[in-house]
Every structure is written in structure tokens, then in C-alpha cells.
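You will see two complexes here that share subunit A, one where it goes with subunit B and one where it goes with subunit C.
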Partner chain A sequence: MGKLKLGIPRALLYYFYYPFWEKLFSELDIELIVSNYTSREQLDKGIKYSISEICVPIKVYIGHVLDLINQGVDYVYIPRIISIKKNIFLCPKFLGLPDMIKNSIPEIENKILTHQITAKDDSLAGFKNYLGMADKLNISKWKLFWALQKANSHWQEHRKTQLQVNIDKKVLTIALIGYVYNIYDRFINMDLLRHLREMGINIVTFEMVDSQIIEQEVKLFPKPMFWEFTNKLLGAGYHFLKSPDIDGIIYVSAFGCGPDSILGSFLEIDANQANKPFMTLRIDEQTGESHLLTRIEAFVDLLKLKKS
Partner chain B sequence: MKITFPHMGTTLIFAKLFELFDHEIIMPPRPSKKTIDLGVKHSPEFACFPFKVIMGSYLEAIEAGADTIVTSGGHGPCRAGYYGELHKKILDDFGHQVNFIIFNAPQDNWSKFMENLKKIKAKKSWFNFWRNLKIIYKLAKAIDNVEKIVEQKRAYSPNGEVDLIWKKAKEEFNKINTIDEIEFVETKVKADLDSLSIHLPADKDRIKIGIIGEIYVVMEESINNYIEEKLNSFGVEVERSHYLSDWIDDTFLPFFGESTKIKAKGQQYIKIGIGGHAQESVGRIVDYKDRGFHGVIHLKPFGCLPELVSQSMLDKIAKDLNIPILSISIDEQIAEANILTRVEAFLDMVRQQKSLEERKIKHG
Partner chain C sequence: MGNIYLGVDIGSVSINIVAIDEENRILFKLYTRNSGQPVELVKDGIQQLRIKLNNKIKIDGVGVTGSGRQLVGYILGADIVKNEITAHAMATTYFYPETGTIFEIGGQDSKLIIVKDGIATDFAMNTVCAAGTGSFLDHQAERLGIPIEEFGDLALQAKRDVRIAGRCTVFAESDMISKQQYGFTKSEIIKGLCRALVRNYMNNLVRNRNLQGKYIFQGGVAANLGIKAAFAEEVGEKIIIPEHYNVMGAIGIAQLAKAEIKKTGKNTSFKGFNITKDSFETTSFNCEGCANSCEVIKVQANGQTIAMTGDRCGKWSDQINHKKREQQETGS
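Up next is the complex of A and B:
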């Protein structure tokens, strides 16, 4: 029998945890197939299988799942990441992700590989979380244990490299607040990062902020968010608000995102009060590139004016 | 202190609560087109619809003189948990001077919770405090008991007799001050309803519809276009998944209320609690099916996070359980006519499916 082919959708937390999954599954001798980059056709398929008012990132995700089914994988890996911090959860759509996929894409049949993850920190390596899955795949506990260790150290290393940023104070620095799947999916954000870099702008994101700083900021907030990634954005966001090195903030938010509507509103009010330039870019299924560019250019011009 | 609070369902219960503690109350007006417009204008575009409506209610109540808003912070991991904080932030930003008393789960911040309680308790003794809470709880139960009968009988009372009794009942309940009085009113109203010459048809001629979904749009009839009354007027019985007294049970006695049982029924579709009431919604469908209901209507605010997860599996559940389900998204743009046509078409389908099944049973 050949190696098991496991599909990983290039969407949602792929952009945060892929290094971990890559190492984990290669240590387990499983062949990983990552879905193709988001494209128009792929997204359209996702849209077709989704409820129209659901947030764009979920539609994107469904498109990627379909793409993997099409590629003939044995399973699609859809973990249910419940919590990566005590008493704080992920957005309801993550909590119900495997249920939603299972009950809305008939083609998936029994091809979902899922298990629950509850962790006390960002690391997904908690051994107990994987036991059921290991049984299903016939993997020995020892092998699983070591694979998790290796995957974890690999991922921790990767996280450290993300923290090293030097801010060049001579050029403009913009903080991008947004979930990894909105910031790094070049298709849905119309290559925002490249556009900004081409304008010679420094970019910072929440992954570059030390988690202790983030937690401190979260503590200052009247009521921390129930959702962990939103909390990370909150902590980073308020940190950026206060830091003089940051010239402006762009909130990259997805159409239909619930948590964003709360956090975005708080940040916007406080940014205005702190006199920090703030702009919300909303990612939807159709936004034209030119429209986006004009808005970014206008914002950057404003920052330049302010800085000079 | 002039207290106001969100308008959700039978507001007389909240009003009674503050009245028993001798607070001055500014009743939130029943949400109208104007309330909604006001709320929409002062809320973030992508906030939940209930958030916007409540914002409108607050602004109207502030206009009428309210200076203190009492609300709950919610306990499920959903946006409702931030309504209070965000309403406050936005109202502050607009320069409105109002105090917020936001009740979060006591375990989150015990001292804050007590501080809030004391504000409500005001000058009453703790003995009176508990007594009053008990009155409110009984009152909520009694009203819900009566309403459940109303939602059934009204289907067979085209001339409005049931509605008349229901309206009078609310007035009577509004006057109570003791538990005895509650019991008296409840018994009397039930007797009045019994004395109407309404005969429930034979089982095979009854149609029962369950309403599930997000709590605010399910409970607040001015927002869901009085869907229960409408259904009744089409001759069908209704029951909904949220009643105020259940909400109290759920909030304060989470492991004793009915909801644990209901959630278990939906386990095969949504494995864990995901926030809001999604798991209950799905569990309720199974429960309604088990109890012989003929159709389910799912109501949710546009873009509601947890209910979108449940909505995404409705087709499958409808197929699995062989029960028609209609899902309606509610927001400021939804037109009443539109809801009505959809409900009517849905009822046609329900009737068709029902007779189809009966024929199947007859002919083996």
C-alpha cells in the first residue's frame, strides 16, 4: 500500500500552523497535499457550496476542501481547534468547522480526518489531542509522540524568526491588523502586501509582536474577547496604537466576519481618539483591484503628509 | 437612577423586577421602524442586527430621560458578550452620559457582579432581595406557561378571543406583587382560556410548527414580524425554542435546565457548544421531530455566527429527519411581505408533506 495522501486546505489557519503540520505529517510518513493557491474558479466553487452570508474566509476554505477532493486525496485534514488558551475559544465557525463541512459538502463523504484540539497555548502539540486520530491511522503512540515533539520544536523555531523585525524609522511603517488568512492569501486581499512593499513601506503584523506584550494589552481591555485570534489582534492593535514607530494602521477585515465587527469598532474609536490614522479594508468576493489600490494610495499619501 | 433595559420579549418581567426594588423605570419602547433606523445609523455596519436594534432602543430611552442601562453581558462565547461594552463605548463617543450596569457571569468577576447586584438591590434587605427574585422567576414561568397555551389555541380562534385574554393576562400579571397573586392570575387566565369554546381538532388535523434560532429574533416579535401570531392566523400551532424563563434557568442553573437534554439531541450534527444557541437550535429540530411537529422555522439575524453554522446543515437535517425547514435571515432590510410569502409557501409544503405521509401510512 502506498503512503496515505492527506489533504491540507491552504486556507484559514494554514497560514499560522502549516510549518507544524508539515513536519508532523512527514514524520508520520504521510504524504501531504496542499490545495492549490486560491483562485477565482476555486473560490466560485466554494461560494456555490456555502450559505451566501457566511464570511469570505469560510467560502475560501470550502473551495480549498473541494479542490483537495478533486485531487483524490484519501482524507482532508480538518481539525476542530477549540481553544489555544484557557477559557478562550476560537470563532464559532472554527468550533463547528468539521460539522459544517461534513453536513454541507456531500462529496466529502467519510473523507474528513478530524480530531479536537484544546491547548493552553499556541502550540498544537498536546499529545492527548491526537490519540483518536493515531488509532484511526494505525500509528503507534511512540511514533506519534516523537513526531509531535519534532513538529513542535520546528514550529517554535519558525515563530521565533517571525519575531525579529527591525523598524526602519526613515520610511513609513504600517501595521496590518487582520487574521493570517486575510493578510497572507494573496488572491483574496489582491496582493496587498506586495502593493505596500512596492511603495517602500514597512509592514508589521501581530505575529511580530511578543506574546507577552499582547497579553498585557489584552488585560487592560474591559473584557477580553472570547476568541483567541481576535485577542491577538486586539493586543497587537492596542500596542500599535500606542507605539510611535507605527505611522498608521490598516484593519484588513473579511466581509461577514463577526468578531471583526466588534474589535474593529473598538479600535476605530480609540484610534481616532489617539489621532492614529486608521483605515478598514474590507475583503469581499468581488472587490476590484483598482479600487483597493486607490484607497491604499490615498491612505499612504495621508501618512506621508503627516510624517513630513 | 432612571433605569432602562433592552427590549426582548415580554418586557413586563424586567420592568417588574426593577419596580419591586423601587427603581424609576423608563420603559424601552417596542422597537419600531424608527428605532431600527436610529440603531442602524449609530452602529457599526457589520454589527449583529440585535445590537443595532438595542442601540436604537437605548437612544430612544435616553431621549425619554433614562440615565442608567441595565443589561447582561451574555455567557456564551459570542458577540452578545460585548454588546454592553460596545454600546457604552459608542454612546460615550457620541457624548451621551449614561451609566451601564452590565451583568457578566459571576465567576468572571465576582466583586463586580456583587457591586452590580447591590446597585439593583438598592435599599432593600437581602431577605427582600431573594423574595423579589423568586417573584420574578415565578412570574416568568407563569407568563410562559400561559403563552404556550396561547400559541396553541390562537390557531383556532380566528376572531381574536384568545388574543384578548392574552392581552388582559399581561395587564393582570403586571399588577402582581406576591407569589400568591401570580398563582391566582395564572389559574384564572388558564380557566378563561379553557372556557372558550375552542376545540382542538383531531390530531391528524393539527399542524405544529417549531421556531428555532437566535434568541433575540426568536423572542422579540416586533423584529420577527410577529411570526407566531401570523402562523397562528394561518391555523397552525407554534412553539418556540426560547422562553424567558428557560433563559433564566439556562443562565443561572445551566446544568439543571432543559437545554442540556436538548443539546444532546443535536450532538450528531454539532458535536460541541460553539457559542450562541446553535447546538440547541439543532437539538430542537430533533426534539420537535420526536414530538410530532410538522415543520421548523429557523430565524437568525443576518450574518449571525453560530446560527450560520447551524444553517449550513439544515438541508441535510431536513433530509435526514424528513421534516421541512425554512430559514429566514432578519435584518433592517427585510420586508414583511417577503417573510409572509415565504411562510405561506412553506406552510403549503408542510401540508403537502403531511398528507403525503398520512397516505403512505394508510396504504402501508
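Up next is the complex of A and C:
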């Protein structure tokens, strides 16, 4: 029997946890197939299979799942990540992700490889979370244990490299606040990062902020958000608001995202108070690229004038 | 004659061209409806400019702004191609250094620019919702059978206030009809519509911002006295309409072109008045390179491809840019 082919959708937390999954599954002798980059065709399919009220990132995810099925994978890996911090959960969409996929694409029910993850920190390596899955795939506990260890240290290393940023104070630095799946999906954000880089802008994101700093900021809130990634953005956002090195903040928000509407209002009001230039870019299914360019160009012009 | 700078604003509803001199005096100004043939309109406008200035001119700098700026920028050989927010802010702060807030409402979009000490510090744009733009008024004027030019003046004749739900054009319409049935006059209804538009503008663009005077209102819709009055009522202060309210973007981009030429010390890259004789052709095709199947737009001048846009990956536009760079380097 050849290696098991496991598909990973290039969407949602792929952009945060891929190094972990890559190492884990290669250690488990499983062949990983990552879905193709988001494209018009893929998104259109995702939209077709989704309920219309759902947030755009989930529609994108569904498009990626379909893409993997098309590529003939044995399973698509869709973990149910419940929590990565004590008493704080992920957005409900993550909690119900496997069910939502089953519901949207009933044909693939037996192609979903899922298990529950409850962790106390960002690391997904908790052994117990994987036991059921290892059983199903006939993987020994011993092998699983070591694979998780290696994957974890690989991922921790990766996170450390993300933290090393040098801010060149001579050029403009913009902090991008948004979920990883909106910031790094080039299709969905119309290549925002490239456009900014072409304008000579330094970019910083929440992954570049030490998690201790983020937590301190979150603690200043009388009541944190209920959802972990939203908390991370909140903490990083307030940190950026206070950092003199950050010339402006662009908040990238997904159309149809519940948590975003709360986070966005908080940041917008306080950016105003802190006198920090702030702009919201809303990502939906069909914003025109020229509109996006106009807005970021105007924002950058404004920051340049302010800095000079 | 001194130096002359050209500013061109390619909006979706209108195309505006101005020429300014070294002292920012307006030598020429043209406001035309965009009939969907921007290139022809620009050629025609430039021809008019030449005639107005008796052929005796040399252009020293060209700037292009507006949603169609890229394409026309290529065709004219613009020295600077910039977004309309920056262009508008430039012109307004020049004429009114004490500007605090700029309301700009055009046919298809609306903008808000916040200015502090002569520098734009914040802005907002609306291009998705028609209920805060000129097309909302056009539409309702048509329904009421009133020429849009008389619309604003009629609003000022209203004796009573009536609230029209203006959240969305569809609601506004049905609400308007029912209010008419209640016996409100046309001018009262119109006043209600003007206020609905301004309310929308406030909700969508201003939101929780703190506005400061002076208040400048510009863009095509600024000719509408009813809207002006509604804004004045909303902010409780005088609203200023600039003399050149409908071509402020073009003026701003001409000023930016001037600044750019001064800064770089370069000669203009303007292609010259002869472009009015060139034939331009814009075609589009679907790239089959990947699953994005982008609609790529190709612009040709006399059979030569001068620009390609619309590709998400740069596969097509990079080729052209690359060629241009090579030409510049070899000086040809």
C-alpha cells in the first residue's frame, strides 16, 4: 500500500499552523497535499456550496476542500480546534468546522479526517488530542509521540523567526491587523502585501509581536473577547497603537465576520484617541482591485505627509 | 507664456481637464460627462485646450487621477498618476488653507477627507452604496419628473419637513410615494430626499468622527443647493462651495504634476498634442494561464501595445513595464 494522501486546505489556520502540520505528517509517513492557491474559480465553487450568510474565509475554505477532493486525496484534514488558551475558545466557526463541511458537501463525509484539539497555549502538540486519529490510521502511540515532539519544536522555531523584525525607521511602517487567512491569502486581499511592498512600506503583523506583550495588552481590558485569535489581534492592535514606530494601522476585516465587527469598533475608536492613522479594508467576494489600490495609496500618501 | 501643467480626472461619471500656470491660476477648465469613451473625450478635451490657448503652448507637466487614471495615464504619458483623495485634498487645502472637512459627492461615489493644519489626516470612501451618491438624486429626480438641475433649488422652497427613509434607494422610493400620497408637496419631498442623502453620508462615511470647520463641499453634486443646506443643518455651520467645485480633483492633480516636475527636475513625459491624431484601441481577453481567468485589458496605440492591466499575477503587465524600463535605460 502506498502512502496515505492527506489534503490540507490552504485556508484558515493553514497560514498559522502549516509548519507544524507539515512536520507532523511527514514524520508520520503521510503524504501531504496542499490545495492550490485561492483562485476565482475555486472561490466561486466555495460560494456555491456555502450558505450565503457565512463569512468569506469559510467560503474560501470550502473552495479549498473541494479542490483537494478533486485532486484525489484520501482524506482532507479538518481538525476541530476548540481552544488554545484556558477558558477562551476559537471563533464558533472553528468549533463547528468539520460539521459545517459535512453539511455543505455531504458527498465527502467519509473523506474527512478530523479530531478535536483543546490546548492551553498556541501549540497544537497535546498528545491526547491525537489518539483517536492515530488509532484510525493505525499509527503507533510511540511514533505519534515523537512526531508531535518534532513538529512542535519545528513550529516553535518557526514562530521565533517570525518575531525577529527590524524596523527601518526611515521608511513608513504599517501594521496590518487581520486574521492570518485574510492577510496572507493573496487572492482574497488582492495582493495587499505586494502592493504595500511596492510602495516601499515596512509591514508588521501580530505574529511579530511577542505573545507576552499581547497578553499584557489584553489584560488591560476589563473583559477580553471570547475568541482567541480575536484577542491576539486586539492585544497586538493596542500594542501598535502605542508604538511610535508604527506610522499607521490597516485593519483588514472579512465580510460577514462576527468577531471582527466588535474588534474593529474598539480599534477604530481608540486609534482616533491615540491619533494613529487607521483604515479599515473590508474583504468581500468582489471588491474591485482599483478601489483597493486607491484606498491604500491615499492612506500611504497621508502617512508620508505626516511623517515628513 | 510661462509654464503650463495639465490635470486630468477620469471619473466614472465625468471627465475633467484643467490647465494651470505656475501660480496655480486656472487657464482652462472642462467638465464633461463620461460617455464611456474616456480616451476619445480626453483627446477631444486636449484639442479644445489647444484651440483655447491659441496653439501657442507647451505643456510642462501632466497628472492623471480618478478611477480610470491608469489607462489614461499611459496614453498621455503622465508624469504623475495618483488617487483622487490625494488630488482633492491638494486642491482644497490650496484654496482654503483652513479646511477642516471636505465633503465630496460625485455621481457614483462619495468621499470624506479630514484635514488638519493643511494636511489630510483621514479619509473615507463609499463606492458600493448608491444611496450616498449623486446617482441617488438623479434617480429620484427622474421618478418625480423634475430636471436634476432644478432639484436643489426646489428643496429650498419646502415649508415643512418630512423624513424620507433613505437607507437604500429601494426603500426611499416606496417611502417617497407614500409621503406624496399623504399630501406633502414635491419640494418638501425633495428636501426630505436631500436630507436622507446627507444622513446616509453621515452614517456611512463620517460615522464616529469628530468634524471640524471649515467645511468644504465639492464634487458634481455640490451644485445642488438642497444638499448644501442639508449639510449646513447637519453640522450647524456654514458650508463653502469652491468656485471650481466640480473640477477640484483635476486641479489637485495638475498641482501635484507641477510639484513632481519641480522635485525631480525632469522634463515632462507628456506624449504631446499629437496624440489627438493617434488611434487607440482597448481590447480585453481572458487569460487562460490559471484558474483565475483574469480579464486582461490591453491598450494599443497605432497598433503597438502600450499597456496591459487586470492580470492578478503580473504576467502581462510586467512584460510591458519591463519593455518600458529597457527603453528608458537605452534612452530610446
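Convention: the second predicted complex is superposed on the first by the 308 of 308 C-alpha atoms of A that agree within 3 Å, B and C clash if a C-alpha of one lies under 4 Å from a C-alpha of the other, contacts with A are read in each partner's own complex, and residues count from 1 in each chain.
Criterion: a residue touches a chain if its C-beta (ideal position, glycine included) is under 8 Å from a C-beta of that chain, and two chains touch if they have at least 3 such contacts.
Owing to the predicted nature of the structure, the values given are computational and were not obtained by experimental measurement.
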- Query: Putting subunit B and subunit C on the same copy of subunit A, do they fit or clash?
  - Reply: fit
- Item | Partner chain(s) touched by A:E215 [first = subunit B, second = subunit C, both, neither] | neither
- Partner chain(s) touched by A:I269 [first = subunit B, second = subunit C, both, neither]: both
- Message: For A:P259 in the superposed arrangement: first (subunit B), second (subunit C), both or neither?
- Response: first
- Query: Just subunit B (first), just subunit C (second), both, or neither: which does A:E53 touch?
  - Reply: first
- Could you tell me if A:E27 is touching subunit B, subunit C, both of them or neither one (first, second, both, neither)? neither
- Scan A:D74 for contacts with subunit B and subunit C and give back first, second, both or neither. neither
- Message: Applying the document's definition of touch, where does A:K93 land relative to subunit B and subunit C: first, second, both, or neither?
- Response: first
- Chosen between subunit B and subunit C, the partner touching more subunit A residues is B
- Message: Considering the aligned complexes, could you tell me the closest Cα pair distance between subunit B and subunit C in angstrom?
- Response: 6
- Task: Touching subunit B in one complex and subunit C in the other: list those residues of subunit A.
- Result: 269
- Within the complex, which stretch of subunit A touches subunit B? 50-51, 53-54, 80, 82, 89, 91-93, 95-96, 98-100, 103-104, 116, 222-223, 225-227, 253, 256-262, 264-266, 269
- Under the touch definition given earlier, write down the residues of subunit B that touch subunit A in their complex. 44-48, 73, 77-79, 81-82, 85-86, 89-90, 93, 104, 269-276, 278, 302-306, 308-309, 311-313, 315-317, 329
- Note which residues of subunit A are touching subunit C in the complex, please. 36, 39-42, 187, 190-191, 268-269, 272, 277-278, 288-291, 293-295, 297-299, 301-302, 305-306
- Query: Along subunit C, where are the residues that touch subunit A in the complex?
  - Reply: 67, 70, 82-86, 119-123, 125, 127, 208-210, 290-294, 312
